[in-house]
Amino acid sequence: MSRPAAPSLSLGELAQVAKAQLRGDGRFLVKGVAPLEEAGPQDLSFYQPPRSPQILRETRAGALILREQEVGLYGGHALISSNPYASFARVLQHLYPVTRPVPGVEAGAWVASDARVHPGACIEAGVRVAAGAIVEDGCWLETGVVLGAGVRLGAGCHLFPGVKIYAGCEIGPDCTIHANAVIGADGFGFAPDGDAYVKIPHIGGVRIGRGVEIGANSCIDRGVMADTVIGDGVKIDNLVQIGHNVTVGEHTVIAGQTGVSGSTTIGAHCRIGGQVGFAGHIRIADGCIIAGQSAITHDLRTPGVYSGVLPARPVRRWRRLVARFDALEEFAQRFKQWEKTAAARASAHREESDD
Amino acid sequence: MSRPAAPSLSLGELAQVAKAQLRGDGRFLVKGVAPLEEAGPQDLSFYQPPRSPQILRETRAGALILREQEVGLYGGHALISSNPYASFARVLQHLYPVTRPVPGVEAGAWVASDARVHPGACIEAGVRVAAGAIVEDGCWLETGVVLGAGVRLGAGCHLFPGVKIYAGCEIGPDCTIHANAVIGADGFGFAPDGDAYVKIPHIGGVRIGRGVEIGANSCIDRGVMADTVIGDGVKIDNLVQIGHNVTVGEHTVIAGQTGVSGSTTIGAHCRIGGQVGFAGHIRIADGCIIAGQSAITHDLRTPGVYSGVLPARPVRRWRRLVARFDALEEFAQRFKQWEKTAAARASAHREESDD
Amino acid sequence: MSRPAAPSLSLGELAQVAKAQLRGDGRFLVKGVAPLEEAGPQDLSFYQPPRSPQILRETRAGALILREQEVGLYGGHALISSNPYASFARVLQHLYPVTRPVPGVEAGAWVASDARVHPGACIEAGVRVAAGAIVEDGCWLETGVVLGAGVRLGAGCHLFPGVKIYAGCEIGPDCTIHANAVIGADGFGFAPDGDAYVKIPHIGGVRIGRGVEIGANSCIDRGVMADTVIGDGVKIDNLVQIGHNVTVGEHTVIAGQTGVSGSTTIGAHCRIGGQVGFAGHIRIADGCIIAGQSAITHDLRTPGVYSGVLPARPVRRWRRLVARFDALEEFAQRFKQWEKTAAARASAHREESDD
């Protein structure tokens, strides 16, 4: 795509934005940003381990954000930061600010007469805001967003096109929800009743904290009686499923296509990979790091790194491994038998020798 | 969220709703419902194994639905039911009925002139109903729902916001489809043709039975020539993928993020966990129970419980296990060699002894 | 569903459509198409291995597309093709052409005054086209589609209802995007900063080639600084997640619920099963075939077939296998010990015998 134009700024100004220390000419004019490989003499980029520092000798970037430890390896203008990635993120935010549309309710939006929409919010055409909903200052609801009855949106929320929020859910301030995500659908609860099922009404809701980001096409189900709760600062990727009555602690990040079954509690400051599956009714301690595709079937009581991912292999080798896996029980039994026989023989042998 | 208000009802009335037997004061007034841990003296809750009955001594709930076997462990007012969970579901349905909006087609809906919409149906603003579609009595289509040409919706269906149903699909009566689910998209069918692919037109449809519930952001693809078929009473969770020409038997439940590849047939009364993957062109017997994350690569011909989930471990231990797994072939070969050598040695030893 | 009516055509005409050789009566009138099992005397069907050729003796189909090798096994009218499946696909496309609506912008669509919509495009009610977007000839945008600012759609694209394309993304000609798919949402990028995270603005976009098909509810995230790139002819199934800065080579097919983590490069002409998970920052060679549910954690440098799927078993047997797997480390240690002891004993025995 054609990159949006960014204003040229001096490295001195950007040092302040980046919360970094200037090492070089503060008047150096940054005209763009780019990855290390692609940056040119007027571009700013950043370096951070675990990447090999070799790139620092090769990059053509005119200026870099990097750590004190690596500054000697680079010849250009530098901004020193203990966290170059975060500093670079701040620079990007400064150079490419999100521009919100003019506040107001566009023609073609359907807003219930008793909904309360702050005049500083922007409601685009094709949005529905149902009875009793509250939309605070600075919210931006794009086309196709639907807020059910009594939904509350804190100030500064950005709902991308097609987001659906069911009745009664509460979203904290400064949340970003990406396109077609669904918040507050009924959880998967059906009581077996003979050959069929009786639906469990879900009279709980969803309560989302401050500064949460939720990915496109993700789903967060409402609780049965209590609420499903997402803590402050949580980041959820695309196509994630959060079941009813789940709690996710603050500043936990969950990558794409992960699923959390009902009534599970995930602690704060966890980092969870993609396609992970959590069983229901379990507890994950604060600070757990979980590799993608892992199956979490029991409580994780101590912080740490967990994995359950079995990497793919060339198919012939894999088939042999699966056959061996399938035969593990028999293999182990055979070995046990061998140990027994061999022990008996050894003992016989000892007796013989003792003779 | 602020719980919707429910009318206070006597335990006697609720016994009838719950199809349960009253044990205690029928005039006891139930003012709310809550989980066992949170229920207060005016609340109704329920108890069912496999939960530990210890909670029955601890709960402050004024009234409980529970089984005859456990009633002695609880001191409050009781409703006896052989299936307390289902009874409680019926009470919730009674106390919190779904209130449907006033029937009619709202301004801002786009309904084709030759579509047939029953006057008892409610079509919200922002809904599109294409040519030849039929919407029966009591249906509720929320904002952003799109029905393609010739779609048929049985009486009493509730389509949450953003549901898309492609042309020609048929949905039975009393179905609930959650937000942004997609019914009837083309299946994934492309014939390799040299270096590229030729698209297989999908002229089949989707046929969904009575009383089916489908989760948010789930997809059910149309068939190539025949239909994809979902039986009566089937419950499908969020983010589930059902491929072309799949058949799902009646009253089967499928949890979130499971995927069923094309032309697979799943029997009736199955219970399938989340993130399960089914290969294509296989058959699953009635009554199969499948653990979450399992890979189902072949027919399951007999009812029973199946699993393929390998639980995650702390990452250091896991890495050693994966290394062992990777070495299984060599390990097994080495063991075989050992058996041979040892057998030879044993036989030599016998001969020696025989000397 | 009630199959759409197709015109009757002679087998001679269809031979041309199918790029196949006529073997039989060219005047034979084909009145329908059907799978081999269901086809009747006026229907056309097709046969292709690996299916058992036994069906060729059993089918009641009046005419078949099949290979030269099998034609002797079938008694009816035949069309000979080296690729019967592709030939049949062409016949279906001919018999059931997609009928596009009358071009123009329907009332109820919201099109920015400076967007450029070709008069040959069809924009349905409830579509939003934002400022600066370009929609070429023959495009069809169904209800609920949203194009962000500056989006470019090549000629002949079909966007099913509810597709959302974020600002600045570019879609090549002749693409099909199914309902509720989301193109160009921000990737999952947050820099850790103390206890919380700083969002990485995504100023890159998504660039999609010619003739690409994308399934319902799939997500393709925009890049951080560079673009996410999908090559010509790529086919992506439903509920697939493509992370930021991913590249997918031309004519690669990716089945449902697969996830590709950020900055991974997938080669051309790959065939990837469903529910596969790719780690980030890896490279997959052209021509790789990957079984469903596999975890791809490292580069695949050579074309070939790869698998990582562990098939489910009856739960009791599975639990024993998992227990054995969990004990692999100890088992291997015990075996190693045995080898040592036995070797020592054998050596002692030799010495004894040598005495």
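In order of appearance the chains are A, B and C, and numbering begins at 1 in each one.
We adopt the following convention: a residue touches a chain if its C-beta (ideal position, glycine included) is under 8 Å from a C-beta of that chain, and two chains touch if they have at least 3 such contacts.
Note that the structure is predicted; figures quoted are calculated from it, not measured.
Relative orientation of chain A with respect to chain C corresponds to a rotation of 120°, obtained by superposing CA atoms and rounded to a multiple of 5.
For the pair chain A and chain B, the fraction of shared interface numbers is less than half, so the two copies use mostly different residues to meet. Between the CA-based centres of chain A and chain B the separation comes to 25 Å, rounded to the whole angstrom.
Along chain C, residues 108, 126, 144, 162, 180, 217, 239, 257, 275, 310-311, 313, 325, 328, 331, 335, 338, 342, 349 each make contact with two or more other chains. Across the complex, chain A meets chain C through its residues 1-4, 33-35, 38, 83, 85-86, 88-90, 92-93, 96, 106, 108, 124-126, 142-144, 160-162, 176, 178-180, 211, 213, 215-217, 233, 235, 237-239, 251, 253, 255-257, 269, 274-275, 292-293, 309-315, 318-319, 322, 325-326, 328-329, 331-332, 335, 338-339, 342, 346, 349, 353.
Chain B meets chain C in the complex at residues 108, 110, 126, 128, 144, 146, 150, 162, 164, 166, 168-170, 180, 182, 185-186, 188, 190-193, 195-201, 203-207, 217-219, 221, 224-227, 239, 241, 243, 257, 259, 261, 275, 277, 279, 290-291, 294-298, 304-308, 310-311, 313, 317, 320-321, 324-325, 327-328, 331, 334-335, 338, 342, 345, 349, 352.
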